[in-house]
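Here chain A shows up in two complexes: once beside chain B, once beside chain C.
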Partner chain A sequence: MEYKGWDQVEAGAVLPSFNDESCDIVNKKQEERNYADTNSYTASVADWRVFKPVFNKDVCIDCQNCWVFCPDTAIVSRDKAMLGIDYDHCKGCGICADVCPTNPKSLIMFFENDDNDTMLSQWPEKKKKEK
Partner chain B sequence: MSKIIKNLKQFSTSNDRFEGAHLLCPGCAHSIIVRELLNCTDDNLVIANATGCLEVCTAVYPHTSWDASWIHIGFENAATAASGAEAMYKTLQRKGRLKDPDKPVKFVAFGGDGATYDIGFQFLSGAVERGHNFTYVCLDNEVYANTGGQRSSSTPRGASTATTPAGRVSYGKKRYKKDMVAIMAAHGAPYVAQVAPNKWKDMVKKYQKALATEGPVYINAMSACTTEWKFPSDKTIDVSDMGTDSLVFPLYEIENGTKLTITYRPKNIIPVRDYLGVQGRFKHLFKKENEHVIEEMQKAVDEKWELLQRREEAGV
Partner chain C sequence: MAREKEEGKVMAEKLKLQEVEVWDGNMAFAQAMRQAQIDVVAAYPITPSTPTVHGYAKFLSDGYIDGEFVLVESEHAAMSGCVGAAAAGGRVATATSSQGFALMIEVLYQASGMRLPIVLGLVNRALASPLNVNGDHSDMYLGRDAGWIMIDAFNAQEAYDLMLMGFKIGEDLSVRLPVIINQDGFITSHTAQNVKPLSDDTAYNFIGDYKEVNPMLDFAKPITYGAQTEEDWHFEFKARQHKALMDSSKVISDVFEEFKSLTNREYKRVESYLMDDAEVAIVALGSTVESAVQAAKDLRKNRGIKAGVVATRVIRPFPIKEVAEALKNVKAIATLDRSAPGGTMGMLFNEISAALYQSESRPVISNYIYGLGGRDMTQADIKEVYADIVKNAKAGKLVTPLQQFSGLRGPKLSFFN
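== the complex of A and B ==
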């Protein structure tokens, strides 16, 4: 999108979220919405990350703890199932991995440069409870 | 009509109206609190926002993170903006000039603790006294986090901040935290509550009750700040858990200024020392000469919990 210079910005700006006059936003999923360029959904904060969460579908129990506690709306959940992570919006804070209740965790933080498939193949085994 | 939320799976089918790629710090509790409010209702929302972390980070030109009507004016007047919009809505409704009269609209104001406890206090007080139908949510991170961590009147005793630094002479802030919930209840607001993001169900219940209430509602939301409380970004929920379990942030609600209900009683009450220990801003309290501050804080927390329980029992 085209950025305005400091002396071209009008005082009291209006930023539209959508391109059309959308009214019924609550009933539209994110992929059905007509986002404007000025909506931060179209932006990315992926370069903030040092660690990234990797999602292992085999261990996940769809409890949705990660969805409710994600500060960045970066957990994609549709129809009560956890689908994955939106890497455009994830800042790598690690809350999702921290609140994940499964054993072993279905979300684990890895270095940003690590390959997802390699990490999935090396997923840790189930830990026994320490008494 | 309010949305029915029975469990987390059902809640997760909500379509988010707060978008990602805002510039709040990784692990900030502000956006967890805001997301839950926007997801707990299907009604249209008009949101007024005071200056603070939330405003600065969600509307960085040229991007906005809000899929609901959102307005920002000044630091102090989020409550005024919300009450003005509400008054206009009522007028248009009376004149029959609303575009979609059947669709209910709710008015919400967000403010940080600086905008609520200090700078916007008079405006909030005025709006509550006038009895506008709106919900004010204070995102209480106990510091002016946006400008570099100066003390606010919400900062707890003993915390080291930019303007109350701990060192050889001082142990940090010397004054106790202002009890804003009690002050708003004393205004006679029909519903006043304290919430924390880790107890999402309690939070959603209170939000829905708040939005359904006619008249001014004040909600104090504990918002753990990774930057100024100084803990790792993935520990936000753990620190919030400790806050509610140590009763530093008791979860309760007050209806019509008097009827107090405690909504969360921790099974295992942990000592305040544990809650302080995970945060860098209280690090200096664990020195030998400052130990008395921790004991005093524990005593104050115990007294407050005792008072809440007695008030709940007596119903006054």
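== the complex of A and C ==
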């Protein structure tokens, strides 16, 4: 975002969410919305993440559990198909991985610096049911 | 009087007021707030401002106000409720005193930072400890860096007038800042005096309809109030806020002028009494201003002392140039501070000295701490102060201590002798 001088900033630090009127916003998907620069959607607010969820598309059953439970709308899902993680907003809380019901899990927490492709190539096998 | 109905909405009933009413300062506040037709008052009553809130709530229950009165659990919540309602887009006010004001402090900074034109009736009272319910200016002084416009009423008439003007000033589109109207606890707030009110229609039309700026209830334009800004943005927002506060002087003067043309009652950001030929002057706030004028008149008549009084009607933004101008021809000044200064000189001493330092004149200036916890400032006390500064004026230098306590029992207490 462009830095503005004191005479240019909005009085009272009142920040608009969208660049246009947003009466129908509820019917628009995020990528269709005209977010303002001052909207947190357009900024990374995940700088302090230590662990990140990695998503394995091959195991996912699109149950939407992670989407429902994510406290920061960082699970990207369209038409009930899970697309992945919004790493600009995910804080790494791990709730999505915790509530994932598949076996093995489709979401697993790794260190922030771990490489996603490497982690996906080492994904755990299905656990056998204990008798 | 029957309620008027307009488009199915129950309108507030109007009160027919007499040309001269007998009101105390709290009733003056409550009546002005009623006439302003506030959308939301969130308040937590506290002595001595309780009757302001009580009076307002009764007007509302009796159908004279079409608005909301929110009962809250503390003054912190009261000011928080005001911030929420003002951000939502309504005319908002509350009243408090002393400890209640102290509890509001955090939210006072939020209100001014968000540029919300809330009006706060502050009935001045001492701050504990020891606990005290009477009038001094400790609470007034506590709020002076909070970014609010601060105006002081010296009697009930002024409390009424300034409360009306407070809405018009704060809500002005070039200002949009919260406003505190001060009056002295008990001496003003509980003393019945003659007050000449405006009619309900005249008062409301003077203030005008509330003008919304960035209302949160405009769902077509969602906005964030109270954003976080760190070292890369915070400074610019605070600078813009300070500029608005400094620039509000003109709007304050304009509103005072408009009020004068309506009522023939004149207000100035710096009030001067008997100052045309004054050689010595007291600078004070609150009801003490009137006491000092009385003493000055007496000294002029009976002792030939050219005594005058200056009062900073507007405390924020501080009228630096005007107060220096008002005091430029005197030889000696006593600044009277009704608040324990906590290890330095009183606020008025510091600010008046600073203002004079920017001008050519160098009158001898001294500081008096008086009236804490509601202690009377008697005519004899004020005349002693004048006697002191007459000595300073004659000597052309400070021959009294720089800071003295007036009206205090025990050995004379003074500093920088």
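In this text, the second predicted complex is superposed on the first by the 118 of 131 C-alpha atoms of A that agree within 3 Å, B and C clash if a C-alpha of one lies under 4 Å from a C-alpha of the other, contacts with A are read in each partner's own complex, and residues count from 1 in each chain.
One rule holds for everything that comes next: contacts are C-beta pairs under 8 Å (C-beta built on N, C-alpha and C of every residue); 3 or more make two chains touch, one makes a residue touch a chain.
Just so it is clear, the model here is predicted, and its values are computed rather than measured.
> When the two structures are overlaid on chain A, which partner does A:63 contact: first (chain B), second (chain C), both, or neither?
first
> May I ask you to decide whether A:38 touches chain B, chain C, both, or neither, giving the answer as first, second, both or neither?
both
> Which partner does A:11 contact after superposing on A: first (chain B), second (chain C), both, neither?
The answer is second: A:11 touches chain C but not chain B.
> Report for A:21: first if it touches chain B alone, second if chain C alone, otherwise both or neither.
Touch partner of A:21: chain C, not chain B.
> With the two complexes superposed on chain A, say which partner A:3 touches: chain B (first), chain C (second), both, or neither.
Both partners, chain B and chain C.
> Quick one: name whichever of chain B and chain C touches more residues of chain A.
Counted on chain A, the partner with more touching residues turns out to be B.
> May I ask you to decide whether A:126 touches chain B, chain C, both, or neither, giving the answer as first, second, both or neither?
Neither partner.
> Per the definitions at the top, what is the overlap between the chain A residues touching chain B and those touching chain C?
3-4, 9, 13, 15, 17-18, 23, 25, 38
> In their complex, what parts of chain A are in touch with chain B?
1, 3-4, 9, 13, 15, 17-18, 23, 25-30, 33, 37-45, 48, 62-65, 67-74, 77-80, 86, 88-95, 97-99, 109
> Mind pulling up the chain B residues that touch chain A in the complex?
8-24, 26-32, 35-36, 42, 58-68, 100, 197-198, 200, 226, 232-238
> Which positions of chain A touch chain C when the two form their complex?
3-9, 11-18, 21-23, 25, 38
> What residues on chain C touch chain A, complex-wise?
By the definition above, chain C touches chain A via 113-116, 176, 214, 219-227, 229, 232-233, 235-237, 239-241, 243-244.
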